[in-house]
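Each structure below is given as structure tokens.
In the two assemblies presented below, chain A is common to both, partnered first by chain B and then by chain C.
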Partner chain A sequence: MGAITLENIVKSFGAVEVIRDVSLDIPEGELVVFVGPSGCGKSTLLRLISGLDQPTSGHILIDGKDVTRVSAADRGLAMVFQSYALYPHMSVRQNMAFGLENTRMPKAEIASRIEEAARMLEIGPLLDRRPGQLSGGQRQRVAIGRAIVREPTAFLLDEPLSNLDAELRGTMRAELAALHGRLGKTMIYVTHDQIEAMTMADRIVVLRAGVVEQVDTPLNLFNKPANRFVAGFIGAPRMNFIEAEDGRVMGVRPQHLRLADGGLAVTVDMAENLGAETLIHARTDKDQPILALLPGQLTPTRGENLSLVHDPADEHWFGADGLRL
Partner chain B sequence: MIRFLTRRRGATGDGHGWHWTDIATWVWLIGGTILMFGPAVWLVLSSFKTPAGLAEFPPTILPYAQETTMLGDQAKPLFEVTLEDGITVTMAELRRVGIVAQMVPPDQPDAEPLKININDRTPVRQMDFATENYTQPFLQFDFVLFLRNSVYVTVMATIITLLTNSMAAFALSKYEFRGRNAVMLLIVATLMVPLSVILVPLYSVVSAVGLINNLWGVILPTVATPTGVFLLRQYMLTIPDELLEAARMDHASEWQIYWRIVLPLAAPALAVLAIFSVVWRWNDFLWPLVVLSRRELYTLQIGLNSYAGELNVQWHFILAMTVVAMIPVVLVFVFLQRFITAGIAGTGLK
Partner chain C sequence: MRPATSAGAVVTAPLRWLARATDVPLSAWQRLTGQRGMIALFLLPNMAIFGIFVLVPLVINLLYSTTGGTEFFLSDRPQVGADHYARLLDCGNYLDPNSCRDDMFWIAVSNTARFVFFQVAVMTLAALITALILNRALPGKGFWRAVFFFPVLLSPVVVGLIWKWILQRQGLANLFMVELGLEPVNWLTDRLWAFVAAVGVSVWAHMGFYTLILLAGLQAIPRDLYEAAEMDGTRPFRVFWRITLPLLMPNLLVVIVLSLIRAVQIFDEAYVLTGGGPGTSTMFMTQYIYEVGFANLLRNPGLAAAASILMACVLIVLTLLQLYLSRRSGAK
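Let's turn to the complex of A and B:
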């Protein structure tokens, strides 16, 4: 249970089309990440799936059943909001029980589900506290706990880690991935952070301006980006694009460049030492910016000329229309 | 404490001497204190004066009463009398004819009374609180009844005000519908219409539904307040929509969202409105006066008015009962004012 299908979804706010004809198949149990620059419509798409917003046209199917006109509560989904949206006047226990009480579940059943979720997320000692008395990471767990107790067919997570500091984000990322493994439920995860997308996803959906640019596994996205946008968006530092004479564009990742004679001649602008590696900002003789991520600690001076080579197998070629050749 | 209270800028900015701003500040603050508290203190102290004490000129701040002594079975007033030889003694007055009083020393009641000119004596007085100003209206008049009516009107009107205004505010702040702003504008616009303008039509309406001489005739027309709707709406706008959406995902009905999410989170604003409503309804005078004409339905404020007759005003009762009428309002402020500043919404976010 928990296969979600989107068929030709369109969503407009007034004259502005935010989602343009999106079709997507999410098989049961998969962790799908929606990623894209801000304003690309990834959160809107999630809200459409959740039922909090209605699509202008198109259909949403859960397990083959058309739920486009079904209310948010009755779709059997649970959502974790970016702000967590915990009820500030209720204790953690009441927060988790609220949704279950509304379905008139027996008290004993509610208690055992909360017990189970609290054990899983290690929030047992916090059950009688209010959200205001919790740290960011604890609130995050409670928000996830509130979703878990409902035993939904799928989880929808809207940038759940964006309010945490970098270190906590790393641990929570791993925990969420582990949780997904344990529950085996479908998860749709929205983020603008490609590291989250790359590390957690079974498949990544790259969105731009309301259009799906590519859907594939993280490594396929990295190795075979379908177009210039995906190539530039996935991977950090971003891919170098070098315009060829015939209008085609050659892309090569900064990691795949190395110093050797007889390659591309560039002039150094700046070097960032990261310890294990050095990121060199340079430009070609045609004034195109080039990034090179080189191993070791290098100290080139500004204006120094370097020669960069790469393996032809690491080249990505895009046509004038931006599509992969 | 004293150092804190007498802190000032000083002539040179180091706290010594007096700068003109120090003087202005002190004058302003002391003047303001007298202006604010003076009438209240005067009211409370005067409420303990006897009718004679109230009529006295020049008036005193504290309530005084003349001392008396028992001569036989009668209480006789005591005076300080300056005798012809310049000696001052305390004497009791037996009777008075014109400007001449017949007086005896209090320890010799059977002595030959002395004839004293009333200009040669001053009454012996001590502080005395005329508590009968308070007890009499409760024991002998209908004051308990008035109090009960006032409490009933205030409590009912406040509950209904909070309920209806918060519902309207919830709809106006959290639902998108056509004409939402127009409705809001219309509600706020009614702020500009004073009661005296709609008094007559309102009376016709209340009369037509048969609520004249009924406490509900006082309660119902006052419960929809534009101030309340506006106040609550502004507060509810600050409650994040994500909370409502989370509740919607949690199978909560719209009523449950209102009752279990929005209402508890709007508690600070509700407390403010409750304070306002209690004060308004408690102090209401004109509208209850119009609607209620049977004495057993009078609220406190109208009851107070009944102590002022055409020929005789019983100031001592009015003052005492005004103090009683003030107490609930003061208590409400003391106990609910901390809610005004306590905002609890938003603590579950970020």
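Let's turn to the complex of A and C:
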């Protein structure tokens, strides 16, 4: 249960095509992450799957059944909103019970599901508080708890951690991944945080301007980006692109550069010391910017000339059309 | 560029001169009294206006209510103590005006109570329904909002006159009724219809303002709460009952209390529309006060003053309630 298929999904708002012919297969139980720059259509795509919005054309299938015209409630999915969307006037318990009460579920069953979810998320002591009396992280858990008690076939999460501070985000990231492992349910997770995408995803869907650029496992995306956009988008710091004479472009990641004589000659602009590593901003003699992430604490001065080398195996080549060669 | 500058200079020069001129006494005052003195100085004009037009009349009115006769100046008026209050409050059974010494006052009170109940109930409900409709994605939304708000801008007398023109025996409404082959109705001369008309016209005239308050409240409810409810398959009625209504409650309370305060003071549009008639069926407290104080052959300004003080007590209670509610929602 919980396999989701998108067939040629198009969504327009007025004359603007926001999702352009997206097809995707999400097998049961997978944790898929949608990433892409702001405004690329991640939320829109998630809302189409949820049933809150209708696609302009195309089909959405859940477990092989066409649900394109099925209402959001009857798709059996649960959504966790970026804003959490907790009902502010209800207690945590009431928030979690609200959706279940719609189905005329027996009271005892509702209570036991809330109990179970509260135990799993460690929010038992908070059940009688209002959302306004909770911290950001606690609200986040409640929002997830509200989704869990419904026992959906799949979870949809739209940037669920973006309102948390960096440390909490790290903890919750791990908890969510663990939760996915325990529940074994399909999860679609929207983020524009690469680290979230890389660490949590079974597979990542990279979107740009409403088009799927590449779908693959995190490591495959990192090691074999299908085009220049994905190469530049996945991996931090960004991949360097060096244009060759024939219009082709060579990409090499900052981590793969080393200091050695006889390599690429660059002039240092500045250096950011990260403690264990130093990120050097430099440029070539053709004024192309180059980033190099070098181990150790280096202190090159501005204008200093360095020579950078890399292993040919770490090169990525792209054609003039941007596609991987 | 140059002429514009000089034209500007012509305008600003006297202002600058004025600012410099006032600066001298103001700085002197500040040196004398410090910052508190400045605050007092700036508050003074407003306080003076409030004092002259509100506070002083209130005190005079209070004194008036303890004097008798028809003389104008307080010094000429004989003291009667609490006689007026005793007369107004002397009742065998407060629910039956005929058992009261001043039956007219109690008729006015009971009319007003009935009016307040129906007007506030009908108007709050109508404003709520209108706001709910206007809050949807509706073609020509701005236009409809303006339509409902427009009557608020009319003077109450104009409202009364317009509706009188529509509802009088040979008015627009009956014209239509006859066209449709129906019996004309004595809208303003039938006891029940006249009361209904007073309520209806007042609702029409004031609804727009309250609709706007409720609309603002509805728009402040985050959309994703509705989407969360939609994901859960919540039926529309339950969404309204469990989400919209509780979250709108602060605004709804403000609307109810504000409209209570205004309904208690009902006068102008109803007076123009029905003149209190037929008989005394639409005579409200303010009209009673006005007629006893100014219009009656048997004028009794002291009695009118006492009645208005009693009415002020009701209004003060309601205002305190409103203050309490707005404080509470402000604290949240």
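The definition used in the following text is that the second predicted complex is superposed on the first by the 325 of 325 C-alpha atoms of A that agree within 3 Å, B and C clash if a C-alpha of one lies under 4 Å from a C-alpha of the other, contacts with A are read in each partner's own complex, and residues count from 1 in each chain.
One rule holds in what follows: a residue touches a chain if its C-beta (ideal position, glycine included) is under 8 Å from a C-beta of that chain, and two chains touch if they have at least 3 such contacts.
This is a predicted model, so every value here is computed, not measured.
Asks: Do chain B and chain C fit side by side on chain A in the superposed arrangement, or is it a clash?
Replies: clash
Asks: Regarding the shared-chain residue A:R130, is it in contact with chain B (first), chain C (second), both, or neither?
Replies: Touch status of A:R130: first partner only.
Asks: On the A-aligned overlay, A:A236 touches which partner chain: chain B = first, chain C = second, or both, or neither?
Replies: It touches nothing on chain B or chain C.
Asks: Is A:S83 in contact with chain B, with chain C, with both, or with neither (first, second, both, neither)?
Replies: After superposing on A, A:S83 lies in contact with both chain B and chain C.
Asks: Scan A:A73 for contacts with chain B and chain C and give back first, second, both or neither.
Replies: A:A73 sits against chain B and chain C alike.
Asks: With both complexes overlaid on chain A, does A:L61 touch chain B (first), chain C (second), both or neither?
Replies: Touch status of A:L61: no partner.
Asks: Return the chain, chain B or chain C, that is in touch with more residues of chain A.
Replies: Of the two chains, more chain A residues are contacted by B.
Asks: Answer with first, second, both or neither: which of chain B and chain C does A:R139 touch in the superposed model?
Replies: In the superposition, A:R139 contacts chain B only.
Asks: Between chain B and chain C, whom does A:V309 touch in the aligned arrangement: first, second, both, or neither?
Replies: neither
Asks: Pick one for A:F98: touches chain B only (first), chain C only (second), both, or neither.
Replies: The answer is both, since A:F98 touches chain B and chain C.
Asks: Across the two complexes, what residues of chain A are contacted by chain B and by chain C?
Replies: In the superposed arrangement, which is not itself an observed complex, chain A uses residues 50, 52, 71-73, 77-79, 81, 83, 85, 87-89, 98-99, 102-103, 146, 150 for both chain B and chain C.
Asks: Any idea which chain C residues touch chain A in the complex?
Replies: Residues of chain C touching chain A: 222, 224-225, 227-235, 238, 242-243, 246-247.
Asks: Any idea which chain B residues touch chain A in the complex?
Replies: The touching residues are 240, 242-243, 245-253, 256, 260-261, 264-265, 267, 344-350.
Asks: Please give the residue numbers of chain A that touch chain B in the complex, ascending.
Replies: For this pair, the touching residues of chain A are 50, 52, 71-73, 77-79, 81-89, 98-99, 102-103, 130-132, 136, 139, 146, 150, 163.
Asks: Across the complex, what residues on chain A touch chain C?
Replies: 50-52, 71-74, 77-79, 81, 83, 85, 87-89, 98-99, 102-103, 146, 150
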